[in-house]
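Take a look at these structures.
Okay, so chain A shows up in both of these, paired with chain B first and chain C after.
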Partner chain A sequence: MSRFRPPAWFVLLLPAIIILAAVVLIPLILSFYSSFTPYKLTRPETLYKWIGTFNYEKAMKSVHFWSAFGRTVLLLTVALNLEMLLGLGLALLVNKVTYGQRALRTIMMFPMMFSPVLVGFQFKFIFNDNVGLVNNALQSLGLTDRAIPWLVDGQLAFFSIVVAEMWSSTAVFAILILAGLFAVPRDPIEAAKVDGCTPWQSFRHITLPYVMPFIYIALAIRSLDVARAYDIVQIMTNGGPARRTELLWTLIGRTGYVDAKMGYANAMGYISIFLAIIFTVYFFRKLNAARSELGMAG
Partner chain B sequence: MAQVQLQNVVKKYGAVEVVHGINLEIADNEFVVLVGPSGCGKSTTLRMIAGLEAISGGDISIGDRVVNDLPPRHRNISMVFQNYALYPHMTVRENLGFSLQIAKRPQAEIDKAVDEAAQILSLAEYMDRKPGALSGGQRQRVAMGRAIVRHPEVFLFDEPLSNLDAKLRTQMRTEIKKLHQKVKSTIVYVTHDQVEAMTLADRIVIMRDGHIEQVGTPLEVFETPANTFVATFIGSPPMNLLSGQIAGGEVAIDGGPKVTLPDQFAGKVQDGQKVILGFRADNLMPEGHAMPMEGASAEFEMVVNLSEPLGTETLLFGSLAGKEVQAKMLNPRPVADGERLQFQLDLTRCHLFDAETQQSLR
Partner chain C sequence: MGNQKLKVLLGATALAAVAGHSTAGEFDGITLQAKLIGGQQYEALYARIAEWEAATGAKVEVISKKNHFELDKEFKSDLAAGTLGWCVGSNHSSFASQYPNLYTDLTPYLSADFIAEYVPANIAASKIGDALVMLPRAQFDVSALYYLKSVYADADNQAAYKAKTGRDLAPPDTWEEYKEQAIFFTDAPNFYGTQYAGKDEAIVGRYYEMVIAEGGQLFNDDWSPAFNSDAGKRALSWFVDLYQAGAVPPGTTSYLWDDLGQGFASGTIALNLDWPGWAGFFNGEDSSKAAGDVGVIVQPQGSAGIRTGWSGHHGFSVTEACDNKEAAASLVAWLTNEDSQKLESAAGPLPTRTAVWEHVVASAEGDAYRSEVLKAFQAAASHAFPAPQTPYWIEATNLIYPELQAAILGDKSIDDALADAAEAVDEMMQENGVY
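For the complex of A and B:
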């Protein structure tokens, strides 16, 4: 009788398998399972009660969920587009700088070095209706004589959040697009000049196609970032006032940890993940298309 | 109808002057090649004509317009770049038609011009491919096609063949020459390859260190080089140069034999003047293996250190007065290294340069 001896490859892979299972697989399965239960953090025994797709149905029917979902998509669209345009402009300007460009590039990255929580606090202060910088400045300049409720009015609060997002992340676009601009070969640009292109036409027909892959990489990275936006909004408005700046993850966070309805929160989380996957797939498709345009694919 | 004129054109990068006031007149429909070693300012000069580099002084005119401050798009020129500079995201057809598209010409006209260029350069099969799917030679043809669709007044070529292998280069050289015959137009062509310069040019402009050393037809610069630089730069193998001194009716090569002063220099030198004697390998041949020499010749012995058989002739490397000298042997026989041979030098084909100024004494 010989004892069972596992094959060598299995033994060698075992540490990796154990770690992956503990860190990724089990939490994933557990959270997915819990989304089919009425699991409440305060009542652990609810984890063993199977309620099928009830949580998903509830989320699908919930106005709060869909408005948060819609608002997240809106924030994603508005913030990404503005950041992209601003980042592109910034990158084009910095690319023209010949003296002190290194210093500029470093300064450009400063906002990325701040914790989003601190950015949230900073803008909460800047947009505060009583002591905030913005109102102070507007009133001192005589542009308005009343306190504008930046973080209280629903639309203004959304605008303020977009501004904070842009401040902290336009640099991501600027840096990546700048890298793209550095990679643009000089020859085709010169050929375009000789071919009769105005500076705008050379940018539109030659430079931009070269930079597009970089823009899509930045969009893919940032779309994941914004789709899970939480910290800045949590600090600035906490999803308020009256849910008017509620995003997916502030809603999910509150449902899971404040209301302790972890099963329901998990169900909403899984739905949201699909949102993120769809955006990522979309931008990577675009990226590959742009790369094969340039003959870089394969 | 476009002649190109450069008057005292200067290019400075900061305090460094790289082109020192050159003057050049290029006639309409002329094929002019700028040639010189790297860093001589030939590409810079071409880019100044194109308008890709600003000029620091002087005037450039194309046709009868001074174009100093015109951007490239207003100069009515086409340029073929060393690295082809094709637009990678466009097909061959789009590459060819791009300049006309930008100029908002009617589609029918664009199609016609593109098809015509494709015809001339036999690109028809590749029209829907992107540059990434083409070989080097095909890319080069697309680059040339892109230049000709616009029917510019002046074509500028910036070392267009230097990225191709030797065989393809010879082939493309012929195509460029044919192209010039087909699309009559002024061409300014930059290369560092003197063979390209000799074979293509109506006139060659030899440049060094931002100066023009000599301008002339290929045969002029080959047969009557203005100075030692041109003498060694044009022609392969380079011209042999030996320093010496005029003594009576003879040139005494330093540490070597004396040769009779060639007739063509009689009266142009003074006794005691330090000179450089120049002659090509084709004019120094071992006895019995030489062309019959009609005029005066000189004879001396030389040790052959090395021989390179080339088939119809053999290149001999000897040493004379401590300097390496190259000679040619017709109807070659094997030559042992170290063999001592009697050589004949064709004096009518010799050159004399002033030792100090390096300029020809002709």
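For the complex of A and C:
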């Protein structure tokens, strides 16, 4: 009787399979399973009670969940677009610099080195209505004589969060687009110049198509980031006041870790993952389209 | 016969240990793992652990030092993962009820006389049902009223207040008067009458004590919500009226304790209901613009003639899974005995043992401010009551506070906000099988 010998490819892949299973698959399966239970962290026995799709139904019917969902999509749309525009502008400016560009690139990356928690605290202080920098500056300049409630008013708080997100992450766009700009060939731009194209025309029809793939990669990466936005918002407003800035992950984080309702939090998490998937698929499609326009598809 | 002897011996050992005079070598070879609250202010007490180790022969291995919110998450993870091999944990009266099965009843390991040395209200707040799940340390919190003396001494203020209300201007004894004065003192955006914690457990705790002061209850006996009542509405309207009148900073709904402390220390807030830990900070030349101008009195009363008094205290607990509960109980008793509490309260925090209260009040003689603070907080402590003792307290606060905020900010009426909060809490309690 011959002993079972697994195929060589399987043996070679086995360590990778084991590691992937341990760090990705098992937690995923466990959290997915727990979303069908009333699992509470403080009551481990609840992990074994099957309640079917109760948590999913509860989330689907929850006004708070869907408003947080909507707000997250809004933040994603506004923050990504603004970061992209600013990042593009920043990259174009830095690309023009001939002396000290390396130093500028390093300085540009500083905000990325800050922990989001620190960024949250920093902007919480800046926008504090009583002792904050912005209100003090506005009052000292005589632009207003009242304390503007930056982190209380729904729209202003949303604006403040967008500013904090932009400050910390515009550099991601700038760096990636700058890399794209370095890759733009000089010949077509010079040919366009000879043909009498305006700077706007050569940017619109030559430079931009070349950097579009880089923009879409940055958008895909940042969309995943913003869809999971938590730290900055948690510190600045904790989703409040009165749920005015509640995002998906501040809601899920509070449900899971403060209320200890892990089963329900996981159910909300799994519904939310669709958001990330939809945006990623959308940006990758755009990326492929942009690449095929440049004849790079395949 | 031998068995009897052993019992007597064990009993004597336990009693000696709980009195803080441990017998040399009685716990030789035992190592206790501990998860303690971390922070510079707690280190002086932890230095005493070495003395207990020397006295008993046991070893203490501190495997985690974090703040209570982080410890809370860690305890929940431990419960979930079943990693409960450690023995001694820091506890807090506001968190304790969340882990009803984590900690053991300490009563069998302590003598009745020893327990009687603690302030009875603190011992009552350290129990879940009949089980004494922690021993309180000298970190007791209840809020009293801090105020700026200069605004009351100001002749113009006195005259204007008299003309407006017909009463003399003096620090308030009722919450209605407090509200009136806060609105009167406000000169926004440079000076506000008062401020309050505006989110998380903090605002619900403040609301809770205000409901009690108004003669109501947050929960019925079966833990169904009871705050959607006249008393509940009166309590919430206090917060709403102050906000709508602009007598609090507009950002107050995002304030927590640190923001409030810094706010009062900036000298721009007239009245501030706050914890004892801030007393030194508020009067410190380096830390506070209000230094030298701070007065402290007992907290005001509501329309029911009851004073607010939401309180909390730190303590130490022994896990149910601990293999050496006797040694662990001895350590916990040591860390909260008279000497330990004297040491801790020397730095400012309030004690939870009757004899230590007398000691700190006596030792503050000659320091007018410290005496005023201690007198106020001793009076405050006599009105203290703990957070509702339900494992769902924190979960309930997370459902209640956004609704309170919605009423304060004008997004909802008081009636709607309380109805929505009560409905959410009712649903949560039912989902958890409470009733």
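The working rule: the second predicted complex is superposed on the first by the 280 of 298 C-alpha atoms of A that agree within 3 Å, B and C clash if a C-alpha of one lies under 4 Å from a C-alpha of the other, contacts with A are read in each partner's own complex, and residues count from 1 in each chain.
Note that in this section a residue touches a chain if its C-beta (ideal position, glycine included) is under 8 Å from a C-beta of that chain, and two chains touch if they have at least 3 such contacts.
Please read all numbers here as calculations on a predicted model, not as lab measurements.
Visitor: Clash or fit: what happens to chain B and chain C when chain A is overlaid?
Guide: Taken together on chain A, chain C would fit alongside chain B, as the superposition shows.
Visitor: Based on the superposed arrangement, let me know which partner A:Gly89 touches: chain B (first), chain C (second), both, or neither?
Guide: A:Gly89 sits against neither chain B nor chain C.
Visitor: Quick one: classify A:Leu294 as touching chain B (first), chain C (second), both or neither.
Guide: first
Visitor: In the superposed arrangement, does A:Asp187 touch chain B (first), chain C (second), both or neither?
Guide: It touches chain B, and chain C stays clear.
Visitor: Tell me the contact category for A:His205 with respect to chain B and chain C: first, second, both or neither.
Guide: A:His205 sits against chain B, while chain C stays out of touch.
Visitor: After lining up the shared chain so the two structures overlap, which partner does A:Cys197 touch, if you call chain B first and chain C second: first, second, both or neither?
Guide: First partner only, chain B.
Visitor: Calculate the angle at chain A, using C-alpha centres, between the directions toward chain B and chain C; round to the nearest 10 degrees.
Guide: 150
Visitor: Classify the contacts of A:Asn130 with the two partner chains as first (chain B alone), second (chain C alone), both, or neither.
Guide: After superposition on chain A, A:Asn130 lies in contact with chain C alone.
Visitor: Per the overlay, which chain contacts more chain A residues, chain B or chain C?
Guide: Touching more of chain A: C.
Visitor: Quick check on the superposed model: minimum Cα to Cα separation from chain B to chain C, whole Å please.
Guide: Value for chain B versus chain C, nearest C-alpha atoms: 52 Å.
Visitor: Considering each complex separately, which residues of chain A are in contact with chain B in the first and with chain C in the second?
Guide: Touching chain B and chain C on chain A: no residues.
Visitor: Over in the complex, which chain B residues touch chain A? Could you list them?
Guide: Chain B residues touching chain A: 50-52, 71-73, 77-79, 81, 83-89, 98-99, 102-103, 130-133, 146, 150, 156.
Visitor: List the residues on chain A that touch chain B in their complex, please.
Guide: Chain A residues touching chain B: 185, 187-188, 190-198, 201, 205-206, 209-210, 293-295.
Visitor: In the complex, go through chain C and note every residue touching chain A.
Guide: So the residues of chain C in touch with chain A come to 73, 76-77, 79-80, 82, 98-99, 188-189, 198-200, 249-251, 253-254, 259, 262-263, 266, 268, 391, 394-395, 398, 401-403, 405-406, 408-409, 411, 431.
Visitor: Quick one: which bits of chain A touch chain C in the complex? Just the residue numbers, please.
Guide: 38, 41-44, 128-131, 135, 139, 145-152, 237-238, 240-243, 254, 257-262
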